[in-house]
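The same subunit A turns up in both complexes below, where it pairs with subunit B and then with subunit C.
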Partner chain A sequence: MTALPTRSLEAWRYTDLRPLDAMSFAEAPAASIPGDLPDIGVPRLVFVNGRFDAAASSALMFAHDFATVTEESDLPLALINAQHAQDGLTLEIPAGVDAGVVLLISYANGGALHPRHRVSLGAGATLTLLEVIKGEGVYWHNPVTDIVLAQGARLAHYRLQNESREAFHLATIRVGAAADAAYESFTAVMGAKLSRAEFHVELSGAKAHTHVNAAQLLGDSQHGDFTSVVRHKAPDCSSRQTVKSVLSDAARGVFQGRIEVDRVAQKTDGYQMSQALLLSPAAEMDIKPELQIFADDVKCSHGATIGALDEEQVFYLRSRGIPEDTARAMLIRAFLTEALEPVTHAGAHALFEAAIETWWTGK
Partner chain B sequence: MSATVETRDTVEALSVEKYKYGFTTEIAMEEFPKGLNEEIVRLISAKKGEPDWLLAWRLKAFALWQKLEEPHWARVEHPPIAYDELYYYAAPAAPAPKSLEEVDPALLNMYEKLGIPLNERAALAGVAVDAVFDSVSVATTFRETLAKSGVIFCPISEAVREHPELVRKYLGSVVPYGDNYFAALNSAVFSDGSFVYIPKGVRCPMELSTYFRINARNTGQFERTLIIAEEGASVSYLEGCTAPMRDENQLHAAVVELVAMDDAKIKYSTVQNWYPGDAQGKGGIYNFVTKRGACRGKNSKISWTQVETGSAITWKYPSCILQGDGSVGEFYSVAMTHNHQQADTGTKMIHIGKNTTSTIISKGISAGHSNNTYRGLVKIMPNASGARNYTQCDSLLIGDQCGAHTVPYIESRNASAKVEHEATTSKIAEDQLFYCRSRGLSEEDAVGLIVNGFCKDVLKELPMEFAVEAQKLLAVSLEGSVG
Partner chain C sequence: MLEIKNLSARIGDKEILRGVNLIVPDGEIHAIMGPNGAGKSTLSYVLSGREGYEVTGGEAIYNGQDILALTPEARAAAGMFLAFQYPVELPGVGNANFLRTALNAVRRARGEAELDAVAFLKLARAALKNLSMQDDMLKRNVNVGFSGGEKKRNEVLQMALLRPGLAILDETDSGLDIDALKIVAEGVNALRSPVFSALVITHYQRLLDYIVPDRVHVLAAGKIVRSGGPELALELEARGYAGLEVA
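Right after this comes the complex of A and B.
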């Protein structure tokens, strides 16, 4: 097996995988699915311990059989995934088709899982893919998702990462967007003992657009790493990123976001904002926003803030008779709103709202 | 002839204009054999009549340096440096002068060409100039005035002899000899530099200034500067650099250490205009510098201001360790690169004490085929309650063959700290350019004006005489970048 990346690699300076390295995982056991999997009245595809569960899934004409994996990158986790991948979602939406909403559920309760998901949209096709990721107990989930968007295609990709608090979650999501294509994504990072979501989005055709948003809600001694590389490879593309982190107890949040602009990518419009709220003295946030720009006619900016809740705002609400805890909850909800903007589907939005509510009350 | 063609022609004429300060001074040089080994380190130390502890320190640094590897994390590229081909010590052959009258007239003449006639500048500007010609300080003015107020301002080699207890106490206390590859090299072979000591409660009566100048061919420059401000003391220190034209790349690995005790203030300003290489990227200085200040005392303040227009490669991160409660760190920087220059520069602000604050304003301008990177770290340690940082990094791109990069690291481990960072990258707005052009400014003047405006937040932090020079430098460095 390819070795796990170590902190001596610049891309991994804030996430230490030694706790994972020290563990050994057997092949994921067969498991029956729990009864409380979400159902929002749309076609759903269920993976249990990395295996497709046809019985729990809806029939979907766009789903195809799994094909073997060849890995061309040198990303350590993608290589490990390729060496072990045995199953995964293969979704191909033909040109011009609006495939509506598809719910992808990943459930795990043991072992090491290396699913390889592939989603491709033909010219002008549209799809909303809602991923719900959850589990119980100790396991390692190492999914790789490869997404190809042809000209004018539009994919809305929402991920609710709510893994078991004892689990390791290391996801790699790679997107190629052709001219006029749009990749709109939002990830909620709430679960896992140690997690990382790593996005690589390439805007390779003119006027392609992307949103790579996230909200991290972490407590206890959770470690959450959200890493993204948005690469502008063609003119007139735009990218937007809002990453919000709320950290309580001894949680540690990481955001590394790089915007790359190639020589040819004139008229690029890139924007990135990452903000973190530290709710307790032991919480930690590390941010590394990065701009790498080789074209001159561009507009790129990033901003980053780290701080506590504004006590003046809390005081304002309390002076209006709102109890302190409610006031704080309101402010945190407001803080997260901007990150949720790409989530336009009502059912998906409600799902995230409920998850955030549960997180807050369970704290 | 259209306006554009005309501009381009003018620009071409300008860009072949010789580097203004590219001349060499012919005076007899005393050189050690080239290359670097323990013998050379011993020779340098013996030459300066150094005490045993300093030789031992140099040797420890040298032994470590041999084991270290050159860092490669910065966004700079250069052919391997042949450390064995460099000369590690060069000094004018005549004995060190005691007063201005004794200074070699050829040297004085050279400084005059650089625009720093010692007598005049000293008299008119009230600035004490400690001019470093290659490795030995050749003249120090206003020593008496300074001595009256108890300020020590002298070459560090002299300080080793006259004030060994101070040097021994503070040398390497901010930048240890093993800090990094270039700091280790400097610790082993540093030849000279400035030493400043401001006693308790003293406000230095004048601005102190040092001009560094690389002259001898194939000579690395390894200055070491140490500034100590005792409780309640304050000082403003200026450093300017120009170097004559050379084809070989020359290595400059300096170390600057600042120490500020309770309520002390140190302001350190730099205008760096080493030879940047020609339009094809041939020649130029490799400027690998370690600068760090320690705010050891309560409410102390260290402020770095730099204007970097020269050098083929700049690798430099003036930093502040904010240890004392309520201490303040500031970093104001303009870095301009043109032709094939590469700059990787920024700062580190380490917040250790309570209620420490830091401000970072960085302006990067890239033109031609150059690459300009801001790299910075803001670190809030768990005990730094109430710490505050504000960072602003703006980049301006001129031309479509250059690159501008921003790599900030922000680490906060205290919930009551507040950290803010913002960065933008853009080109000069067409409407601003059009506005200036419609008022009759040439394209080049318009760009110069807009760039000066872009850098204003930093330039206004410079002492007056430097601000004027810096503005001129920016305009000269921009020549040939538009059209």
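Right after this comes the complex of A and C.
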């Protein structure tokens, strides 16, 4: 097996995988899914411990046809995934088709699982893919999702990462967007003891657009790493990378955001923003913006804020009779509201709202 | 009734209030006037429980209860309300949600039934109409993008809904044009009753043409240096604050 990356690599500077290395996970066993699956009235595809569960799935019109993996990158986790991948989602939406919403549920409860998901949208096709990722106990989930968007295709990709608090979650999501295509994603990072979501989005045709958006809600000693690389390889493309982090207890959040602009990618519009709320003195946020620009007519900006709740706002609410705990909860919810705004599908929006509510109530 | 006895307070090492004595009986509106830096805003913040102010002596009793020991939310539940000089913006918090949460928190603390969304909306719409405010005020984020006048009217809307027994208005007239001033004053006057009292803090006499006070007090260098009837405000307007410290 390819070795896990170490902190001596710049891309892994803030995330230490030695606790994972020490676990020596065996391949995840076959398992069945517990009863309470989220249901928002849309076609559902279910993976249990990395394997497709046809009995629990309701979207069988999408052919389940897994092809062998060949990995061309040198990303260590994608290489490890390729060496072990046995199953994964294969979703191909033909040109011009509006495929509505598809719910992908990943459930795990032990061992190491390396699913390889592939999503491709033909020219002008549209899809909303909602992923709910959960589990119980100790395991390592190492999914790779490869997404290909043909000209004018639009994918809204929402991910609720709500893994077991004892689990390791290392997801790699790679997207290629042709001209006029759009990739809009939102990830809620809430679960896992240690997690990383790593996005690589290539805007390879003119006027392609992406928004890589996330909210991290971490407590205890959770570690959450959100890493996003957007490559502008054609002119007139736009990209946004936005991350909001709420960190309590001794949680640690990481945002590494990178914008690369090729020589030909004139009129690039790139934007990056990281905002973090630290709710405890022991919480920590590390932010590393990187801009690599080879074109001369571009607009790229980045910003970062780290702070506590505004006590002036807390006092204003309390002076109106609102108890301090409720006042703080309202302001944190308000902070997250903006991150959730792009999630326009009502069912998906409600699912995220409920997850955030549960997270908060458990604090 | 509000009774302030020999109240002293400081911020850091700086003494701001140096023994304030004041009684506001139920049903009365008292004005506190005074030059900049006299301690007017400090008095309102100390009474409403804002952090950062250290009470170094004295007490403030409202309806028999020492309020200085209470949290800000407990003071609100006890019937106190501070209308802010600079209302705070709350991006991401909808005004309707804010108002209903506040109203229900206060109702709960007072042992009253909470209002559901429908009952709340009915109440809020009626209050808006009385203050010549648009319904869309409820949909906007609290004070975000509001003009100075809208912010102050939003304060009065909160006051109308929470129905306090004691309102402290901290320079509510600052930044208001005459029309907005009249609306704010009408909002306060509408609450006048034998069980409502108010402390109107202002630098200028203008507001007191519309909210006519029972008593006027002059705060200078952290003390009440003079008290009188409404005519005192007119006198101050004519002569200014100079020389009052020694009066």
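Here, the second predicted complex is superposed on the first by the 358 of 363 C-alpha atoms of A that agree within 3 Å, B and C clash if a C-alpha of one lies under 4 Å from a C-alpha of the other, contacts with A are read in each partner's own complex, and residues count from 1 in each chain.
To be clear about the criterion, a residue touches a chain if its C-beta (ideal position, glycine included) is under 8 Å from a C-beta of that chain, and two chains touch if they have at least 3 such contacts.
Note that this is a predicted model, so its numbers are computed, not measured.
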Going by the contact rule stated at the top, is it subunit B or subunit C that touches a larger number of residues on subunit A?
B
Contacts of A:E284 with subunit B and subunit C, given as first, second, both or neither
first
Return first, second, both or neither, reflecting whether A:E324 touches subunit B, subunit C, both chains, or no partner chain.
second
Could you look at A:R333 and tell me whether it touches subunit B, subunit C, both or neither (first, second, both, neither)?
second
For A:Q266 in the superposed arrangement: first (subunit B), second (subunit C), both or neither?
first
Contact-wise, after the overlay, does A:V298 reach subunit B, subunit C, both or neither (first, second, both, neither)?
first
Counting only touches as set out at the top, which of subunit B and subunit C does A:F315 meet: first, second, both, neither?
second
Between subunit B (first) and subunit C (second), which does A:I306 come into contact with in this model arrangement: first, second, both, or neither?
first
Parts of subunit C lying in touch with subunit A, wherever the complex brings them together:
48-51, 71-73, 75-77, 81-82, 84, 87-88, 90-93, 97-98, 101-103, 105-106, 109, 158, 162
Give the list of subunit B residues in touch with subunit A in this complex.
73, 380, 382, 395, 397-427
Residue numbers of subunit A touching subunit B in their complex, please.
10, 263, 266, 276, 278-308
Please output the residues of subunit A touching subunit C within their complex, sorted ascending.
311-313, 315-324, 326-327, 330-331, 333-338
